[in-house]
Amino acid sequence: MGIKFDFRTKLLVIVLMMSLVAVLTSDILIYTLLGLLCIYLLIQGFYRQTVKYFVVCCVFIVLRLYSDGNGVTFLMPEMFLFMILRILMMVMAAQPVLGMPPGEVVAVFKKIHAPNGIALPVTFTLRFFPTIRSEFSDVFASLRLRKLLSWRHPLDAMEYIVTPVIFRSSRIAEELAASAESRGISNPGVHSCRRKLLFRKRDWIMCVAAIAVTVMYFVLERTVAV
Amino acid sequence: MEKEKSVSTKFSVKDAATIGIFCAIMFVVFMAYSMLTGASLFYSMIFNAAGAGFILAPFYVYMSMKVGKHGPALVYNIMWAVIAGLMMGPFMIPWFLGGGIIAELSMWGKDSYHDIKRVSVSWVITALVRAAHGMSEIWFFKDAFLATGVSEEQVQIQTQYYTAPKWVLLSLVATAVLAVLGCMISNKLIVKHFRKSGAIR
Amino acid sequence: MSGYEKRQTVVSFENVSFQYPGAKGSSVKDINLDIKSGEFVVLTGGSGCGKTTITRIINGLAEKFYEGTLTGKTSLLGCPISDYPVYEIGKLVGSIFQDPRSQFFASITEDEVAFGCENYGVPFEELETRVAEAVRGINGEMLLGKEIYPMSSGEKQKIAVASVSAVNPKIYVFDEPSANLDMFSVEALKGLMGKLKEEGHTVLVAEHRLYYLTDLADRFLYMENGRLEKEWSSEELLQLPEQERKTIGIRIADLHKIETAIPEKAEQSEILSVCALSFAYRRKPVFENLSFKAYSGDLIAVIGHNGVGKTTLANILCGIKKEKSGKVLYCGREVSWKRRRNFAYFVTQNTDSQLFGDSVAEELKLNRKNAEDGQIEELLRLYGLYEWCDFHPATLSGGQKQRLTLAVSDWIDTPVLILDEPTSGLDFQNMRRISDHLKSLAEKGKTILIITHDFEFAAMTCNRALYFSDKSHVEDFSLQGNLDKLYSCLMAQ
């Protein structure tokens, strides 16, 4: 299922990647870096996502080659093609953090002593993500059955879609909060965590490797650019 | 033993739950909307925020009025700061964070979160922050792009929709207008449904 | 209550009343209650009688979370309840709520079971043991490592119990825990509750469905309009005359006593025919080669364990989903999935996502803009909703919302009506009203399919049952004289 790195390692990779994409100009370097990124994601078990990212990146690489410096119509000037690939690579580097299981995110918050005012809402946000799609699809299904969805009356459609979702979500928020309160979420003492966040040997290796790669690319960029 | 009923001004777990859940909805709706409109990069960079300012307004307005105390504007923008920071660069964090602080400061005073006009102001600020964030991305990548041999002039032409004053103004005005419209419609919904049913007091 | 008199009192109420903010009157009035250590007490009564409020007073949520006003003297293990902050009460009173879907907090089992312990700062070394013990206690080993969101309601409810038991409170409070569960899961829940009783915990359950508690409860307390009116032991409840039970309005305590009164229907015209229907989700077959027929006036109970595809079938019949293969015929003609909503209307389990108007009358007008006031009044009176015609649908009770969705479906008037668990969480009176409405719709010639786990409801309403035993087998049988078979089908996993 993939190697699990500590969140600090993952953050370091993100920061290093950001500094690289802001500086690299050579296409070859960018493409090879993309390859390394794919490996980074694959060893952590993000198989499907890696394929998706790779395909999208290739599309933009092809577009850039096709555009030959002139952009693709006024909709996609050359600079945007330049930026998009780099932004995609930053997103790829961020995937291990974005794809962290909610339990691990909560553990990170506890470790860094994040203030409750932000940690609590984020926990509820992560908890609610998987259910949103079905909330909306339930409403859409009911509207289709009652034949109330008409794009000729967009404001009415907006009202019919938004109102039940808000009622339901508000009710769920209250029930979730009651459930959390009754199990001591407001307890002012120390909260423990069953997930221990450890910086292990593999994290050291990854960090050293990431820094080495970054330095190497900086040097290569210098030589290639000259 | 009669207890004095007090309207709590402290940030409670219920408030955190409401904010968290509605932020989740706003993110998901924003992503779905962006994917639909993202086909045209031009649109997505200039007018995406404007459309989002409209369709996300009901959730933001409800969240603000339901919680009724300080916090929603700041928390929402902090979440965006973190996500944008992770996905687009560290410079995003101060950008959204600054916007969030300004939006929250605009809600200074008692009961501001129950007043649709004040809530609209904080929403317009939030929407404008998102509308303008692309400029900071261009600034981030500009040096590298120039280093590929492109001239300054060419960069200006290519990014004009995002940096030329005319276009920037158009985008910001469109965003503000749609955000305000979104809040007006949301207020109608609030009165018609949520005040009537007692969900919002 | 033999044997408990000498035990320590754990919860006591003296002339306690409680009012929610903005409510017109008190939800509970002058309650005097004395619960002893180790007792198993059941609170029952119609919707709105106040039983949930009592559970909320005991777990501290009533005052501190719902911000209501409490009067009178309360005591929890010697101290007034108001003196405890909610998080302190959480160590002494564990709460399991009605809807398993909005109780869990984490994404995987272990994180959820550990949640309460983590909040109370249980040391890291002890956490794993507590979680393992709690999971063992619910026979949940196969749930370890799994994501909670896709689990069935029964599994989610078990995890909720485990999460509370890991904290090991003295008192357990359950608020209608069986409302969303199938009968098999209710048996599992009964087993868990039995264990808690054996271990000496004090248990309080607010419930409509009483049949699974008669072996466990020491006493049953009946509430009406916020007051404690009657008290029975299990034997007294089981011996309650049927007429009295129906007048009081509580659900039957002994399922084997139910008699069906549905006459055998003469074959009427065929309205729906399903031929060799198959559906797969992400290449995993949900059901295969399904065939059955339905006639006008039929009231069919659609039963089978969770995940077998009953809701999917309903979605296919009304055109929300498209089948992989097979045919659906209405009145003898094959109908494409896009046009099926003209023939079948589906009332889903989630009533909140089906109501869009800002008043009950407006809700009806959404589907008939030119309706006259007289027509609306007639329909609302038929469904007992006329007094609420200007109220917002979100303010209605569960039973009223269900009747409103039925009124809407009556007006939309498709030949086939499908309902998904229409009686989950409903008390006896509301269940009977829904049953009566459905029976009168069937008399008018509608074909009605009801997905249900509710044995009492199915027995008093339906004439046929369609039992999904597995992916490719559906058994079709008449309910006349066949209640034992219905019971065993509902109890099968």
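Labels for the chains are A, B and C, by order of writing; each one numbers its residues from 1.
Assume a residue touches a chain if its C-beta (ideal position, glycine included) is under 8 Å from a C-beta of that chain, and two chains touch if they have at least 3 such contacts.
Nothing here was measured: the structure is a model prediction, and the numbers come from that model.
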| item | value |
| --- | --- |
| Between A-C and B-C, the pair with more C-beta contacts | A-C |
| Most remote chain, CA-based centroid, reference being chain A | C |
| Centre-of-Cα separation between chain B and chain A, whole angstrom | 19 |
| Whole-Å gap separating chain B and chain C, where each centre is the average of the chain's CA atoms | 39 |
| Between chain C and chain A, distance of the C-alpha-averaged centres to the nearest whole Å | 38 |
| Of all residues in chain C, the ones touching two or more other chains | 65, 394 |
| Residues within chain A bordering two or more other chains | 123, 126-127, 159, 163, 165, 167, 172, 176-177, 180-181, 185-186 |
| In chain B, residues with contacts to at least two other chains | 14, 193, 197, 199 |
| In the complex with chain B, residue positions of chain C that touch it | 21-22, 63, 65, 67, 69-72, 82, 358, 392-395 |
| Residue ranges of chain C touching chain A (in the complex, touch as defined) | 59-61, 64-65, 85-87, 89-91, 93-95, 97, 99, 101-108, 110-111, 114-124, 127-128, 131, 149, 160, 163-164, 167, 315, 318-320, 341, 345-346, 348, 350, 352-356, 366-367, 394, 408, 412 |
| Sites on chain B touched by chain A in the complex | 11-14, 16-25, 27-28, 40-42, 45, 55, 58-59, 62, 66, 71, 75, 78-79, 83, 86-90, 137-138, 140-141, 143-145, 147-148, 150, 154-155, 157-159, 185, 189, 193-194, 197, 199 |
| For the chain B and chain C complex, residues of the former touching the latter | 1-3, 5, 8, 14, 192-193, 196-199, 201 |
| Parts of chain A lying in touch with chain B, wherever the complex brings them together | 14-15, 18, 21-25, 71, 74-80, 82-84, 86-87, 90-91, 94, 97-98, 116-118, 120-129, 132-133, 155, 158-159, 162-163, 165-167, 169-170, 172-174, 176-177, 180-181, 185-186, 225 |
